[in-house]
Amino acid sequence: MIGYQFMGKMHSHAYRDLPFFFDPALKPSLKAISGRDEEAVKQAAEIMGWESYETDWRRLIDRKDIDVIDIVTPNHTHAEIAIAAAEAGKHIISEKPLALTVEEAEQMYEAVQKNQVIHMICHNYRFAPAVQYAKKLIKEGKLGKIYHLRANYLQDFIMDPSFPLIWRLKKEVSGSGTLGDIGAHSLDLARFLVGEITEVSGMMETFIKERPLPDAEEGLTAQSENSEYGEVTVDDAAAFLARFENGAMGTFEATRFAGGNRNKNKFEINGSKGSVRWDMENMNNLDVYFADSPPGLQGFRTINCTEEEHPYAGAYWPPGHIIGYEHTFINLMHAFMEAISKNEVPVPNFYDGVINQRVMEAVEQSSIQKKWKNISV
Amino acid sequence: MIGYQFMGKMHSHAYRDLPFFFDPALKPSLKAISGRDEEAVKQAAEIMGWESYETDWRRLIDRKDIDVIDIVTPNHTHAEIAIAAAEAGKHIISEKPLALTVEEAEQMYEAVQKNQVIHMICHNYRFAPAVQYAKKLIKEGKLGKIYHLRANYLQDFIMDPSFPLIWRLKKEVSGSGTLGDIGAHSLDLARFLVGEITEVSGMMETFIKERPLPDAEEGLTAQSENSEYGEVTVDDAAAFLARFENGAMGTFEATRFAGGNRNKNKFEINGSKGSVRWDMENMNNLDVYFADSPPGLQGFRTINCTEEEHPYAGAYWPPGHIIGYEHTFINLMHAFMEAISKNEVPVPNFYDGVINQRVMEAVEQSSIQKKWKNISV
Amino acid sequence: MIGYQFMGKMHSHAYRDLPFFFDPALKPSLKAISGRDEEAVKQAAEIMGWESYETDWRRLIDRKDIDVIDIVTPNHTHAEIAIAAAEAGKHIISEKPLALTVEEAEQMYEAVQKNQVIHMICHNYRFAPAVQYAKKLIKEGKLGKIYHLRANYLQDFIMDPSFPLIWRLKKEVSGSGTLGDIGAHSLDLARFLVGEITEVSGMMETFIKERPLPDAEEGLTAQSENSEYGEVTVDDAAAFLARFENGAMGTFEATRFAGGNRNKNKFEINGSKGSVRWDMENMNNLDVYFADSPPGLQGFRTINCTEEEHPYAGAYWPPGHIIGYEHTFINLMHAFMEAISKNEVPVPNFYDGVINQRVMEAVEQSSIQKKWKNISV
Amino acid sequence: MIGYQFMGKMHSHAYRDLPFFFDPALKPSLKAISGRDEEAVKQAAEIMGWESYETDWRRLIDRKDIDVIDIVTPNHTHAEIAIAAAEAGKHIISEKPLALTVEEAEQMYEAVQKNQVIHMICHNYRFAPAVQYAKKLIKEGKLGKIYHLRANYLQDFIMDPSFPLIWRLKKEVSGSGTLGDIGAHSLDLARFLVGEITEVSGMMETFIKERPLPDAEEGLTAQSENSEYGEVTVDDAAAFLARFENGAMGTFEATRFAGGNRNKNKFEINGSKGSVRWDMENMNNLDVYFADSPPGLQGFRTINCTEEEHPYAGAYWPPGHIIGYEHTFINLMHAFMEAISKNEVPVPNFYDGVINQRVMEAVEQSSIQKKWKNISV
């Protein structure tokens, strides 16, 4: 695994818990992590249970005892690492967004295809049991023809103007801002549940244009009074309208400026026969409506998706004993291990990463040019 | 009052209840209603408590004992009636949308200005105590600088393809479809709470393009097997992105194809200091978030707006004893009567009707031309 | 109508609105109200639309042009008035609780039976469409055998120790406190929905034992610094366990000391085939669970009881356009008028008042004697 | 660890995850588990990560390399194991309820005191961050004087009459039924948050008195058509009223017959200054009301307890990224390890087990004798 911050911790945890809950065909073996700061990476390896560490990611790729490369570094490094890993014949799992640009993403996809390695992208929200169950209902036609998807991903953690200029707010490191970080999740859920998008019209905004530079010594959250300021070069918020190939209408909004919404990742889908609603802050529940319920008895029912019938849920606790955010990653890693064991490419993979990147690029272009943009598929 | 269907019943009720709950400077006197079907209008007058009736609306305008004309007819008749009423020196209250086109709306506004009559448009949702209280919080700066408004108005009553081609689905009678009928309410709330809109990008769709013609004899809901079909000439659903004069971003969606949502008119507004959320299906409640609540104690609080502090609520029942949809109209009529008694023009009025019409026209144009459109103010 | 405070206003409104929404066989004619303060009763008559007023309730009973006596006075006067009215052959509708004691209640019931007048008691919550629909589901066996009812009625309006010693806090005027005022409503709903109660174990408490006397001149809410104090002689809170005749278990709690709950009157009923939940603060909704929903799709569905299928709801607005507290009274008055027109005794009536009183007396006795008490039926 | 079913899995997981999230002074080392079925216990050890296994729990107690005994066996074995472990000088953590009877519980408590070992009882719900935060608010006086606690623990997993007669339904193995299994949790939360209980009045019921015997070969869920039946000797549902030492009133209900409630463990507490509400099915949230919020802005606020300020939450994911049921155990084990490292007895411990047992015994007695019972403390 390359990188060991928030997502590194999350992935490590998922690998550890996977064999406990499931009976995977392949059990992940935590060989090594890499990071540039030796002291920090050494400590991380110890706490998170990795056998060894490296201070240069290339060493990981050279090692013969490593079959899988897990990329949890800042976005601008994904392409170089993934391509090197693919060429070394390693299977790859990468955090999202796949790359800084469509071009980079396409090169990555080309590399994994050419070298015939298994590849996956970490859109973990697909793996909430409630979302998987929504997919099942849609696939079985229980919602009928889909008319609408409306998706919001609302956060508020950078609303304070004194919040520092972290790497996620710099275009050269992160590629995009809110759109690529959280909007990408909504987009991926939409494609998973409703289908491909053919055209978009976008609107993007940076509300706070300058922020104090992070104080390197003291870390991200402490700024001295005399902080210098730097320019925020990504979007604080993005919204877009979309049309799906199947005729459905989509509305999307992603923002880090929606006070009171810590991590509100939610969607509603309406079809000719029924509707579903989901909200990550209450991720075990799925609200479901069926138009053919008897008159007088029609209404959204709230299903606590913690039963055998709900994908992945049976591996955990008895009905009503809820699971949390981390389980989306355990489930995802389960799908990844299953895929490797069968030598099949799982979904979502680098292809999805490419398409998501294309849609996001179209949203950006549309926002600048003030007109609708088609997505080339 | 001209017209006596759903909205006619609603307005009549509001006039009757107004003096019971408030102590208005002017008490409405229910002089006469008009409608073309003598039998029906006679019966309506009796049930709803009108002293007399007419079968030609022009007779109402001619009558000296009538000071106020209330227009609750289908949209294509608003302009002619309103202009005639204004020229006769009557005060006017009209259902929304004001007219079929911007041009018609402007002529109506010109007429009321020229003849110096009081005028109002029935955007009743402004008058829910919770909405009025949200306005108060915003006006007092409690939410700070506004970043976002997201508004949805979701219904599902025409999802059945056998639902007939009523007048609301014909452009020549209604002007527009979902956008003008319910999207107009979201738009009006947005302008009331956040301010003027400067540009929009829209998307509109008609999912069911042909419907059975209503059987004139049997009324709206019964179609014979051999029904003939007619073309639906308005939108079933509309969505648009908007920028406000003050820099806020707006996202809007109105649809009659969101199964399970009978009348879900809701919005959320996020500002630098706080947020509010409201949903008409639970109209007494306002969710409020303040960013300056102590750490650990931050969260949306649900306020049951049934107390003295909440505008209009004090006139009704003790705290916690909720009011319903009809009270938005009683409150609106109270504002109208107060305005007449003070010889002041209330809000929202025909000016708001004109601006709303301009925004909706820009949404339609934008949807056709696939690019952003400015709103001229 | 005798009395003209909160409930007087409510009843008057219901009479006025009844013919507007329904097409009643009998239309109420608002003949006269009575009250001791001439100035106040005169003004009340005018605002609320009564033709005349009296300052002695006996005059109302003497009047030949009056067929129905509506009792909305403090509880200690109910018996005398009702008995006099019955003897004069008037139909009677009385606010709850019926009387101060079981004995009084029985005398009242005897009087209406002997004189063969129509009688009703104002347990209005039975008449919420959602509650009526719950009754329908239970009656049709949709919930199967009933195992549990849990009912809470939570308020908070007297939590401030400076809240004055109003009549509702004095046993000689009100008979009981929270139990009789709001616990009686829960009890009535329980009997309506589940059946008769055979035994109870109660617990009652007065948290604030002395309160400032109301300043007669200035009204209820203003106390001078030098207020004298008086003893609170009723319960602030009451809870009880109950067994129903059909084997179900009941738990009840009523309090005016549940901060944040303005008027939270709610219940849940669990049966072998399904469950229902209701909450007055969101009175249009009924949550319904069916055990025979397909595995994976089981959950409480939220029904907005505003459709034709929901009792009384069809008389008001289109689906999703909610009604409020006052509609429970309009519906109740409709049932009363229908009953008079058919010369049938409606439910709930004085018999229910007697039984409710017996249960409450058993709760009080049980609380004092610290043991279970049987209810004699 | 002795036992390896549901709770064994849960405890094992907690030990594994503890050092990953926290930096505990003592890291648990998973030495050995015991169980009677060698094949099964061997497999469990492997999957759950235990170094070795035994088929007789006495061997575990004899082993020198084991410092802590974790008891997750059926209730009737707790006492014997715990006393033996205490005498061998092992620290002990036991599942609840502590024992079959008060007497047994007292013997266990005596043993741990005499042998001066650290002891804890697994009332895990205390360790939800939202519950810990509620405790903090109450301790700091933020809710003022406590007037009410109402607690429900509602399940529905044995409503089907064909559900077999598992050990939890037999008094000789489990001691009590719903009361001891889930009512004990509500009781423990009440004592943690409000204080000691001085008297109770209870009501208990067994709705389904006979059930098919489990088919030993096929496990718990499969019964053959020819199943023999056995008597259910514990309660299906229990409710009780309680008075707390500090004057507060408590109402409790625990049932496995509340259809639609899979695991609804919830409570509300009302004090003179504020209220809190919590529901395990949405365990990250705490609803908080403060009576001193400005007029007009009073209402329950929903706090997503996933922030640094919320006890234990900081060890996991960023704000808004929810945790699940298993984290209550990780937190509990953290408290246990901290206690051992400091040689202090943590809470809740065997003393709490004894008191909880006394209250439950009083509830049972009260239910039989039909009168209130005092709790001796």
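Per-chain residue numbering starts at 1, and chain names A, B, C and D are given in the order in which the chains are listed.
The rule is short, and it goes like this: contacts are C-beta pairs under 8 Å (C-beta built on N, C-alpha and C of every residue); 3 or more make two chains touch, one makes a residue touch a chain.
Fair warning: this is a prediction, and the values are worked out from it, not measured in the lab.
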Worksheet item: Which pair, A-D or B-D, has more C-beta contacts?
Response: A-D
Worksheet item: Can you name the chain that lies farthest from subunit C, using the mean of each chain's Cα atoms as its centre?
Response: A
Worksheet item: At what distance in angstrom does the C-alpha mean of subunit D lie from that of subunit A?
Response: 36
Worksheet, complete the sentence: Cα centroid separation, subunit B vs subunit D, in Å, comes to 54
Worksheet item: Taking each residue of subunit A in turn, which ones touch at least two of the other chains?
Response: 261, 298-300, 304
Worksheet, complete the sentence: As the complex stands, subunit A meets subunit D at residues 6, 10, 12-13, 16-17, 19-20, 23, 47-49, 155, 157, 261-264, 280-284, 304, 306, 316-327
Practice prompt. Report the residues of subunit B in contact with subunit D in the complex, numbered from low to high.
Written response: 133, 288, 293, 295-304, 307-310
Worksheet, complete the sentence: Residue positions on subunit D within touch of subunit C in the complex are 147-148, 150, 152, 154, 156, 159, 201-203, 205, 207, 237, 239-241, 243, 247, 249, 251, 253, 255, 257-261, 268, 270-275, 289, 291, 298-300, 370-372
